[in-house]
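Here the chain labels run A, B, C, D, E and F in written order, and each chain numbers its own residues starting at 1.
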């Protein structure tokens, strides 16, 4: 993750302000005290967000030191220490909840993603995320998905185009919509078409889509359709990406064998639990 | 929920910008077209966020009309229509994902909260939320908790003070910390003390805490402790609020019988799934 | 005062920008020069805002050093030095007016508050502020009120509810309004009711208000009413706070004897003068 | 006052957010109710800010109607109605305090300014403000000063340059500083020099200053100095503006006779009280 | 161009504030006057930005009417009227310069782009822009490039990756850098490699780059290299895009015959003049 | 240029965010690498913006070191090194384009300004800029104009008033408009009147304008008119500034002899090319 963007600092500040409001009322009880603490997990999982913890506390006070004991993407056990932190006690108290909430959420996503990625191991099929992300957290939740071993799909409506059912209905057909976009989109932007049946899939391939999102196709249908689409695509020598979505995670392996390139799923983001972490004071 | 704050508009704008980035690439295919659509749920649940849907689309274009078919806090069935929407097709496409993501998340929380609230029905014990909320969404997630039948705890570090384990350790004891805060906090601000054992609970009550957070006490311990604390509190004629936290939702009913006022839990926010909603075009 | 909130930095920046506009035209004459200066007061008073001076200059240039000679809440004499400052002369010139304006205003409030607080000494009655504060300065003006020895009332419409004459008229009565708010407000939020006569005061107490704002009651009326309200409140075992407002500061002592808990007044904020401070260069 | 700037809207929004915080807790009691109210003054004065009242309430809800009964700069009597307002009761409650606080402050300044301006009537000498204004309110407080009959001095460090004692000390003399600024400032920007004695005043005039700020000169000294300075200035054919500052308002008339052009004073801003206004509901 | 993004409104507001500062001083002379005006060009060109003119004036006052007489991308003659505008005279004066500056700049780019695009007519080679754009105006300048008949390259460092000379030097070779990016970039993101000689071009093609930027290659070298690269790419069945850059616009036609897909150039943005437009009042 | 304003930091941040978007995709390939680079110019010119380069990179990472080899306003040759930079390679890559784009633009303006200023050398006539500047870059483009040897005109609609053709038409004449503005503008603000013919010029002078903008007058007409206007102005003893605009740069010298004070032109801003600069890695 690129931590350079000034926009990230503004986002973290807005989250700190959300919790601090007009100021921490307990601040007065912690004046001039230096505190040490560590973070511990109550359950096992995959860690995500270490550098964000540093950044959050240092936005409040640059003197806070954070020592990461686990790297992003690494496995941790229940009761394992994840990081140590030292600084003004009032700062530790002020940033604690915001930092914990973020990392609990992100590590929850990394952990849930990893569980599915493990199932796909050795199949050559990638697990990709979607745009179903919590408002305001897209960059970070997608980073967590990557920490779990998945790959990212587009980040927004601007960095790739996807024609979905509504677009096709409103624009009056796949072809019209596709051509209008192809003529105006930046040349490196891919155009993906979401299809509901095999006929649409073939039409989309013939038109020259860069990717086909095969929504809610049974694995056995894909098994026959995929080679057909690849052959159609090869006529235009384009490198089509075939993606299955709308699947039940239980069928992951069946889909993995169907010849597709990607399985996209929002489950690790919309159906995962936060990892239960605590920040505990440490005697010094 | 008070929708007046200008801050809410800025928040919604930032979420729209997150998805739109440098602009929706499909926009060009939808010029001058008016679209109609409806929202449908794939599963049953409790609805939350209708007026936010209106606001989101109208931030993009004030001419969009949203007709709510279900009110916030109401039950809906699987496959039920939740709202109808009409406006420029390019606007519907631009706001769709942001609006859906938000309402899927909030309705998921309302639904999960309601499941627990149903269990407490008739006990007189309230279910309260915590500060474990997604960064940036606190006001809205707490509103969803209320739509599910729960009540809200404090919104931030500034509208009530809570002395937790770390505060007590760093400040050198409950009493010192409590008195420093009492002397400087606004008079309407309550001070709550989180305690780990019965002795601490009694000390906190004697000092004059407005609320005691009894963390991870077994129900049978509470059964004896609660009357003792109420008696202690009555000497000072203060109206103490006794709250149990750190409990497994499975034991809800046992806790409800222990005499406490509140059970606080983050589970409907940290362990719930999003409700699966879709926006489908409508022929006009 | 909790100086952690990122929002405070944004506020200070906006004030610096207000004075600097497109840049200080005298900046060119002060290039590469280091300056020393001290602040002196032209009149006696109570100081407020030392750490804000540091923060303001350091937002412009972190190398500026500020040495505080008087603490917040301390008395200073006419012609006394309050602080010393050293740094790039262009920075001292750029931040001077913004910093002085703020501290002159805040010290004026602290001084005016303290004059009233002195009168209440030994009575056990507290002086509280109101929401009549300069737009944009609420947190800081309320901090100044505290530096003068007063206590703070609620900070905004969200951290306690107050039913005033208009609410009661529009909502159709005290009871309806009170119950609607009690059902939705966070549990730690107090509800205060402003009343115009004794009957309203009794109704408000019976309903269970956490505080009663007795507006413009003569002290002799309060003398009889206060014990009656306390007795009513004790039936519900709630700890009612009785507050007198709308009083002429001349009558402070008479009110202090009436048995109330608080006197709230906006006078130190709406009717005080700024303390006259200057920043003078120092030969080095 | 030019109400066009988008910056003004952002400022008003920030003030509304300051009072609303996470939302007005009484909002729930005022749903779907339309309210009417009027503003009345408890004392006489000069009105300032009518269009700001409109703008504030309409930022919350464009349907609010405000009917101004007194114009900016007009006199009003005690108990006079100033404006009528109608709209959703929840909006009236949400914006009331912010709007009142602002107008009470601004009308206080206009009233205090006017008292001094009346004393100068017929003398041809203008009363000008200074940069001693409340952080964040400069444009509005200076507008209030104008509503009271005064004229405005520069708005910031960028729209005219003023060399003050500190600048001269740090830059190593009036001449060096003046020439560096004259060479880089935009040609329409005036350069004003603050002087402490007659020698400095003459030097500043000879150098070609556009204005001389004569700080704390006794009126009788000015009586002799002013014609001398005008004569010196006429050699260069520049139109010098002579301004007295640091004066006790009691001596206004003596100063007015000394031949100066302007008297600048911060008193109406730093030493005025807010006008006491109320917003009262109206039966409909 | 997608005008939906809230970010665009913030950008336009910031530009209006830049010119308005603390408010238009001439505003007072235009109170309550309605004005009509038209825009006329002093030279011929290609128009760009009509809807932005509407948006700019309507940010100041929604009642302003703008009637566009020329569409974006259309040719206009010297002395031709481009649009008519009607509204409060003070608003027309307040927004005039900001709107004109923007459209003069954008139409200058569209016109300069179009001159080059005309030369490529019939060759099948596209003219693409670069990231050399004025800070703050990227989306709009790239839109202008499109209005002139060009196509857009990537919009930022995030929507496609380009390995340039510095990256390759620092990362220690093309291959290492390419693989690290391929493993973490979203799957729809293309990776382009900028090369300095034929060997690098072949290496980049073999590695699987989606595009090769051939910087400063003479046309005759490209003539031989292009088929070789296409052949190499076809082995991997990827659809490589070959782009020439760093060329003198004089040689456009020679490059167009070399078999490449795109010529990218910053000249219409970095070396074009603004179109000279005026806004003239109209008698009504 | 005064680099103190917090607003400048926000502007630079917004420009970095424009290029970085959701983060530099090549960032991953440059982790933990320190890079060194230098800037070189492909053509000769006048440098502008050295301290902005420092600031831009240090907003991303304060550890970046920038060593300026040429000062603002100095001449540089083709192929000359302008500055050296060292820091984390990922930061150098992240800030490169934004920094280069800005300095290429500003140095282009400084260079073009200087060419005209050289022609005026020895004439005593100054070259001034206008408000035709790129939206968002006014302060910086005007600084570049100054680096090229020109002087600045007003920065916005608020720091001097200019009555132009539209104002005069809408307000119903020069006199009405002038008097309304004179009565409300801050006293240090100059009022300039743009005139189309000699009669208007005389009227504007008689009224007391501080400056007259003589738009598109032939030099021979000015030759006679200028002494006449100066004589008229001397009656009021005001120091009038006579400015010629709307001139073809070819006639600069003829205008310089006409007796005017200033020639104002937008050409160095609206008709200049960017200087071609590159940032090249350096072996360490």
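As a working rule, contacts are C-beta pairs under 8 Å (C-beta built on N, C-alpha and C of every residue); 3 or more make two chains touch, one makes a residue touch a chain.
Nothing here was measured: the structure is a model prediction, and the numbers come from that model.
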* Structure fact -> Those chains that touch chain B and also touch chain A are C, D, E, F
* What is the graph distance from chain A to chain D, where chains are linked when they touch? -> 1
* State, to the nearest whole Å, the distance from the C-alpha centre of chain C to the C-alpha centre of chain D. => 23
* Asked: Cα centroid separation between chain B and chain F, in whole Å?
  -> 52
* Return the distance between the CA-based centres of chain B and chain C, expressed in whole Å. => 31
* Mind pulling the residue numbers of chain B that touch at least two other chains? => 14, 20-25, 94, 138, 155-156, 158-160, 184-185, 189
* To do: Make each chain a node and each touching pair an edge, then name the shape: line, ring, star, complete, other.
  => complete
* chain A-facing residues of chain E, complex -> 126, 128, 142, 146, 151-155, 158-160, 184-190, 192, 210-211, 234, 237-239, 241, 262
* To do: Would you mind writing out the residues of chain D in touch with chain B in their complex?
  => 13-14, 16-17, 20-25, 27, 59-61, 90-91, 94
* To do: Using the touch rule from the top, collect the residues of chain F that touch chain B in their complex.
  => 21-22
* Structure fact -> In the complex, chain B touches chain D at residues 1-2, 4-7, 138-139, 155-156, 159
* Over in the complex, which chain D residues touch chain C? Could you list them? => 11, 14-15, 18-26, 28-30, 33, 35, 37, 89, 92-94, 96-98, 100-102, 104-105, 108, 131-138, 155-163, 165-167, 169-171, 176-178, 180-181, 183-185, 189, 191, 270-271, 273-274, 276, 279-281
